[in-house]
Every structure is written in C-alpha cells, then in structure tokens.
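Please find the structures below.
One chain, chain A, appears in both complexes that follow, with chain B as partner in the first and chain C in the second.
Here is the complex of A and B:
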C-alpha cells in the first residue's frame, strides 16, 4: 500500500491525537491571528447596546444553555454583560434551562466584581422555574408571581431596588431581550410570545444556519455566532478575554479537519484510479 | 358515546391549544393567564410522573439483574438523593435547599464538568466523522464538501489569513442559499403539522381512539 492509499484509512486514534494537540498547543502558545467583525451578526448587537439603548435601560437576559454549551455561551454573556454594566444599564437574568441559571450567575457575578456592579441595584439573577413556555408567558403578566417572589438564592425580590422597576415583562418596563441559546426551549419562545421586544441572540455556532431566516426577517436583530461571535464582541468592547484566547485553538482545529478531508480525498481518488486501471 | 366524547374533548383541547399559540400577550388574555397556571402545575406533575416512571424502569433492571444493572442503581440513588437534598436540605419544604453549599458543589463541581466533558468529545468525533464522510463520491457530495470547507474557514481567523474574502463568502452562503433552504424546510414542517392538526379538528384522525 502506497502512502497515498494510506491517507484513505487513517486510524481514528491518530486523528484524536492530532486534534488534542491542535486544541492544546495554541492555548499554551497563542498565535494571535487577526480577526474581523461580522457586520451583519455581531456589529448590530454591539451598536444596539452602545448607541441605541436609552440610558439606564432594563434588559432581560435568558440563559437557555447548559454545561455542554457553556464554552461558547459563557464568554458571549460575559462580554455583553460587561458592556451593559459599563454603559450603566440594568440586567435581570432568567433561565429557560435549569443548568443555565446557576452557570449564568457564576458568569455575571465574576464580571460584576471586576466592573463594580452591585447585585440588586444593577442586576438580579431570578433564575429558572419549572413550567416551560406557560411559565415564560406568565412573566408577561406578573414577573414576581412567576418567580414565586424570590431570586435564584431564595432572597425576596422585594429586597432589591432594581426589581421595583420590573413587575412584568412588558415593553414599558423592558428595553430588550438577549437570549443565549443552545437549543429548545429557546429563541422561539420570544419570537412567538414576545414579538414586540428587540431580540438579540447569543448562539452556539451549530444553531446559526437554522436561525438565519429569523435574522433575515428581523425577528432577531443581532446574533453572536459561537465562540467567534464572543471573540468579536470582546474585540469591539476592547477587552479581549477567554473567547479571544481560544480563537487560535479553533483556527488550528478547523485547519486540521480541512487537511484531513483533503488527505482522505487524495487517498480515495488514488485508490479508485488504481482499481480502474 | 364511546367515540363522541373523546372526539369532543380532543377538539376542545386542540382549539384551546390553537388559541393559546396565536395569543401572544398574557396581559391581553386574562383567562389564558389562569390556564397558564394550570399548565405550569401540570408540567410539575408530569416531571414527577417522569421520575416515578424512570424509577420503575430502573428498579426492574436491578430486580432482573439485566446487563449494566449497577448503572441503574446509580441512576436511582442520584435522582432521589439529589432531589431530597434540594427539597429537604434546609428543613422540610423551606424552598431554600438549593442554597446549600453541598447542593451547589455537586452542581458546580460535578454536573457542569461532566456535561462539558461529554459535549467536548464532539470535537474529536466530528473530526473523525468529517474525515470519513466528506469524500468526492458524487457531485452533490463534492458541493457539500466545498461549502463545508468555506464555512469552516469563514468562521475562524485563519480563514481570513488565507483569503480576506472568506468571511464575506461564508456569510453570503449562510444568508442566501442556507436561509432559503431553511425556510423551505420550516414551511414544509409547518404545513405538515397544520395538516395533521386539521385532521384532528375535523375528526378524520382517530388513531388515538384505537381506531
């Protein structure tokens, strides 16, 4: 068997080894490749917070993801939250996914410590409640009742000055919604039941193609696409963080996959020619 | 009556579900808000029934010593002990159980890393699967391969280093051919669902009656 034919059947264990190296080495020795900002996905998201939100706006954030997608959604949320706090806006965090509630609290608490945001005054993490879409819709009518009157840690919402501004998710109280979504329930809750709110989305990359029609129809006004979207947002706010650091690893991993595809096809073509000869 | 009553109930429920789906605002529909509370309660009941059903299933595995029955033991122990810790940890029904440091530690130090680790294995499986699947066997497969490579390169900085137009090209593919295809799929799914619902409304669909 020639070397070209061997490319047709590379042992999976070699592929796993190369992939591990492709992911680990760039994290240890960053390359720092240049990166542009997507003008249709990331830039409108940034412009909304930077230029369009009225001062002291209240924004709802929804953590509809779990640990498996935290690598993509956590940096997105951290960058957005940092930007919102720096601009003096307020955030109330809810979660359509149970695991997202605690994950998102860890993310925003860490950023809040860095930017000096105060829990209860600048942001509140209300958390997750069982009930699915009916529960989400009940928040339109009475947010406090829907949340059983307490935040994620069981503290009464009455103790937080910020919550005096939010009695229900209605347009006169909420300036917009940002959802970090890894699946269902997720974006469709808002496109269906909250259509009058400006909706921005932090997506896992694999969901982006499926959600492009929503962006085209302007049901979604801006979108962060996976880790790349988070890195672009970090670039826009001038605070490179975890996503920026991991972009080199993603670059090398994608290149490895492309090289493997090319090698596999060379092996496949050579083998077929020898067969037909 | 054995047929008419179930058909009547199914039609009323289908009508309710339809009105519920197209009524966007709870604040405009007071009576729907009330039924939202009922539905929320029923979701909790469904979760509880799910837990009981899961327990029965795994208890059966243990009783019959089926293959890997030890995992069924772990499943039942984790399910009920974690639930009990959350519900009773700070005293019976005080609703503060998930504030317990132990409860949170199990979540932060076990559940999240396990979830992340399982998902991160995808990076390895996708690399191996892409290597095996993306072959120029047919024209359609070749088109898919080319598009996949463009999208991969448009999503990472190295693509821009190779050719500055990769992000624009990738965005164009997502925005037009992809969005058009996705719309077609979504409209097809909607029409199929609508047809199925209509059959239920009109009493043409009777399989749920055992017909």
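Here is the complex of A and C:
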C-alpha cells in the first residue's frame, strides 16, 4: 500500500487530533505572528467610531446571535463597546435573537466594569421581544411601547436617564446601528426597514462572502469578519484581548488545512495516474 | 482550576458534545437533549417575562389599550390546530392575517435593497480620480464587470449552449462561481475554527485556569 493510499484511508479522528493539537499548542504558547488590518472591512468600522461619530452619539447595538456563534460575536461586541464607551458615546442594546439578549448583556456588563461605564446613563440593554420583523418595525414609531416599557431585567425604562434620549429609532435620535449577526433575522431587517441609518456589521465569518455585495453597494459601511475581525479591531483600539491571543492558533490551523488540502489533491492526482497506467 | 459549579457544568457539557467526534454516544445525546429543552424553556420564560406580562400590566391594565386583548385572542386561535377537526379550522384566520401582512409588507419593502445592488452593478469602467487615471481601480471594475456578465450568462437558459460565445462565457462564469465558493469555504473554515477556539479558551482559561 503506497503512502497516498494510506492517506486516502486515514481515520478522520487522526485529523481531529492533529487539528486539536494545532489549535491548543499555539493558545498555550503564542508565536506572535503579525496581523494586518483589512482596509475594506475593519478600518472603515473603526474610523466611523473614532472620527466620524459626533460627540455623545447614541448608537443601537443588535445582538442577532446565540451561543453557537458567541465565540465570534462576543469579542467583536466587546471591542466595539469598549471603543464607544471610551469615546463617550451611548449604547442601547436590543436583540433580534432571544439568546443574544442575555449573552450580549454579559459581554457589555463585563466591559462596562472595566471602563467605568454606568448602566442606565451610558448604556441600556433593552433585550429581545417576540414579534420578529413587525416588532423591529414598531421600534421606529415608539421604542418604549415596542419594548413594553421595560429593559431586559424588567426594570422600567423610565428609570434610566439615557432612555429619555430614545423615544423611537429615528435619525434625529440615533446616530447609527451596529448588528452582530449569525443568520436570520439579521442584517436584512436593517437594509429593508432602516436604510436611512449608517449600518455596521459584526459578522460570523461564514456569512461574510454572502454579505460582500451589501458592502460594495454601501448598504453596509463596515464589517468585522469573525474572530479575525475582532482581533483586528482590538489592534486598532490598542487593547489586545482574547481575540488577538487566539489569532496564532487560527493561523496555524489554517496552515494545517492548506497542507491537508494540498496533500489530498496530490494523492488524488497520483491515484488517478496509477489507475490509468 | 475553577471552583464555580456553573463553569464546571458548562465545561462538562462542552466535552460531552465534543465526544461525538470520537463516535455517537449516550453522553453526546444527553447533552443534545438538555440543550434543546433548555433553549425551548428559555424562549418561553423570556416571552412570558418580557413580552406577555409587561404587555398586560403596562399596555392593557395601565393604559387601557384593550385592542391587545382582541389580537391576543386572535393569536390564541392558532392553538385550535391542536384540537379536533371541528375547531381546527379557526386557526386559519390568524395564519391568514399573518401571511397577508407578511406578504404585503415584503412586497412593499423587499425590492428596495435588491434594486440598490442592481444599481451598484453599473460601474465606471474607466476610473479617473482628481484628473488621474486609476489603473488598479479600473482593473477591479473590469474584473467585476466580466464576472457579473459571465455568471449571468451561466444562468441564462434560453440560448442554446452550443453557441461558441455562450459556451465560453458560461465557462468563465462557472470559474467565477468556483472562486466565490472557494472564498465562502475559506470563510466557513475560519468561522468553524473560531467557534472551536471559543470553546477552547473557555476550557483552558475559565475552567482549567491557564493564564494566557
């Protein structure tokens, strides 16, 4: 049996083992590989918050993801929220996915403790409500009514000074929208119903190619691509976090996959030649 | 190592799910069923706490918006599907209203985002910025234009493929699609690895207490 035939019959569990090692070792012993910032995706996102947002702006964040995609969206949200708070902007967080509401509150609460942001004054987590797109549409008319007058923990919105600034998601009250999206409902809610707002997206990597036409058509103005996008954003704000630390592992795993694909194709060609010989 | 029971439960559930990589086993199935049950319960409790109760307290009782009662009753008719044929026809009314609303709404707002992208596909094929010819941008626009036209020709079925021009055009279109699928696959790999890294950092940092 030739080496290529052995490769062809390799138990998939060996590949899982190699992959696990390729990921675990760089996490435990980081190599410090260089990382560039994507000028089309990440840089415009950063520039918007850093240079373009008027002082003391109110931004809507939407957590349209669940636990399965939190590994990608949580670090993105943490980096954006940290940047917004440091620049003195305000955030109201809603969620098109029910699990996203609680996950995102954990994320922003942790960052808020570090940067000294105050709940109710600097940010509010309004949460998720049943109703899908019609519910989202209702927030354009009356945010308080759409949220049934309470935040994610059932506290009246009237108790939060920040909420006096937000009666409806309208351009005179909201400077822009950031959505962290892992699927549907997600970005299309905003391209359809909120086209008048600057829209920025934290995306799971799987969705990025499908959403590039939105970026090209400027329906989306900036995009973070998965964990890599979060790491790039951490680099831009000068606060490397967990995403940055995991980039070595990501790169090593990609190299392993490239090697496996190349080996697989060489084996395929060699086998075909042996058959035809 | 963490002393928080919540962290232990999460870590053990993660390992139970990953045990599927070795082979299908009862631990994996148990974790899967627990997750499904918890997710369903979470959605029910969240809807009750943050949607139904505040709607009743704030809107109906406090503000007297009694129309919510009417629409609530209409919504409850959905559950007649679970009853006998004598009553199940009543469920068609809330379904008809929601479908009619959804279709009307979609027809009103859906075309706009697509038309913006169609408009965006009309590109300047000779890019000049501040009086200076931009070779790179012009090249990019030509690549976009050729890919767009050839991919469209690939999906153009009313002309026979035996015409040389159509065959060549659709062949280039097919390669353009392959490149796009390759990009999508690469991003999918990136995303899946990121998800695993998320779990890995939880196991290594939050559970086992490694300092990285």
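Simple rule for what comes next: the second predicted complex is superposed on the first by the 277 of 277 C-alpha atoms of A that agree within 3 Å, B and C clash if a C-alpha of one lies under 4 Å from a C-alpha of the other, contacts with A are read in each partner's own complex, and residues count from 1 in each chain.
Methods note: a residue touches a chain if its C-beta (ideal position, glycine included) is under 8 Å from a C-beta of that chain, and two chains touch if they have at least 3 such contacts.
On a predicted model such as this, the values are computed, not experimentally measured, just so you know.
Look at chain A after the overlay: chain B and chain C clash there.
In the superposed pair of complexes, A:140 makes contact with chain B only, with no contact to chain C.
Of the two partner chains placed by the overlay, chain B and chain C both lie in contact with A:216. Touch criterion met: A:71 reaches chain B and chain C at once.
In the superposition on chain A, A:270 makes contact with neither chain B nor chain C. Once the two complexes are overlaid on the shared chain, A:208 sits against chain B and chain C alike.
Judged by the touch definition given at the top, the superposed model places A:130 against both chain B and chain C.
Of the two partner chains, chain B and chain C are each touched by A:99. Shared-chain residue A:253: touches chain B and chain C both. In the superposed model, A:192 lies in contact with both chain B and chain C.
Of the residues of chain A, those at positions 16, 23, 68-71, 99, 130-131, 134, 148, 150, 154, 192-193, 195, 205, 208-210, 213, 216, 225-226, 228, 250, 253-254, 257 touch chain B in one of the two structures and chain C in the other.
Interface of chain C with chain A (complex): residues 21-22, 39, 42-43, 46-47, 49-51, 54-55, 58-59, 101, 105, 109-110, 112-113, 116-117, 119-120, 180, 183-184, 187-201, 204-205, 210, 212. Listed in rising order, the residues of chain B touching chain A in the complex are 21, 24-27, 32-33, 35-37, 39-40, 43-44, 47, 95-96, 98-99, 104, 107-108, 111-116, 118-120, 123-124, 126-128, 130-132, 134-137, 145, 149, 152-153, 155-161, 167, 171, 174-175, 178-179, 182-183, 186. Chain A makes touch with chain B in their complex at residues 10, 12, 15-16, 18-20, 23, 33-36, 38, 40-41, 66-71, 99, 102-103, 106, 130-132, 134-135, 137-138, 140-141, 148, 150, 153-154, 168, 170, 192-195, 205, 208-210, 212-213, 215-216, 225-226, 228, 247-248, 250-258, 260-261, 263-265, 268-269. On the chain A side of its complex with chain C, the touching residues are 13, 16, 23-24, 27-28, 30, 68-72, 74, 98-99, 101, 127-131, 133-134, 145, 148-150, 152, 154, 188, 191-193, 195, 204-210, 213-214, 216-219, 225-228, 242, 245-246, 249-250, 253-254, 257.
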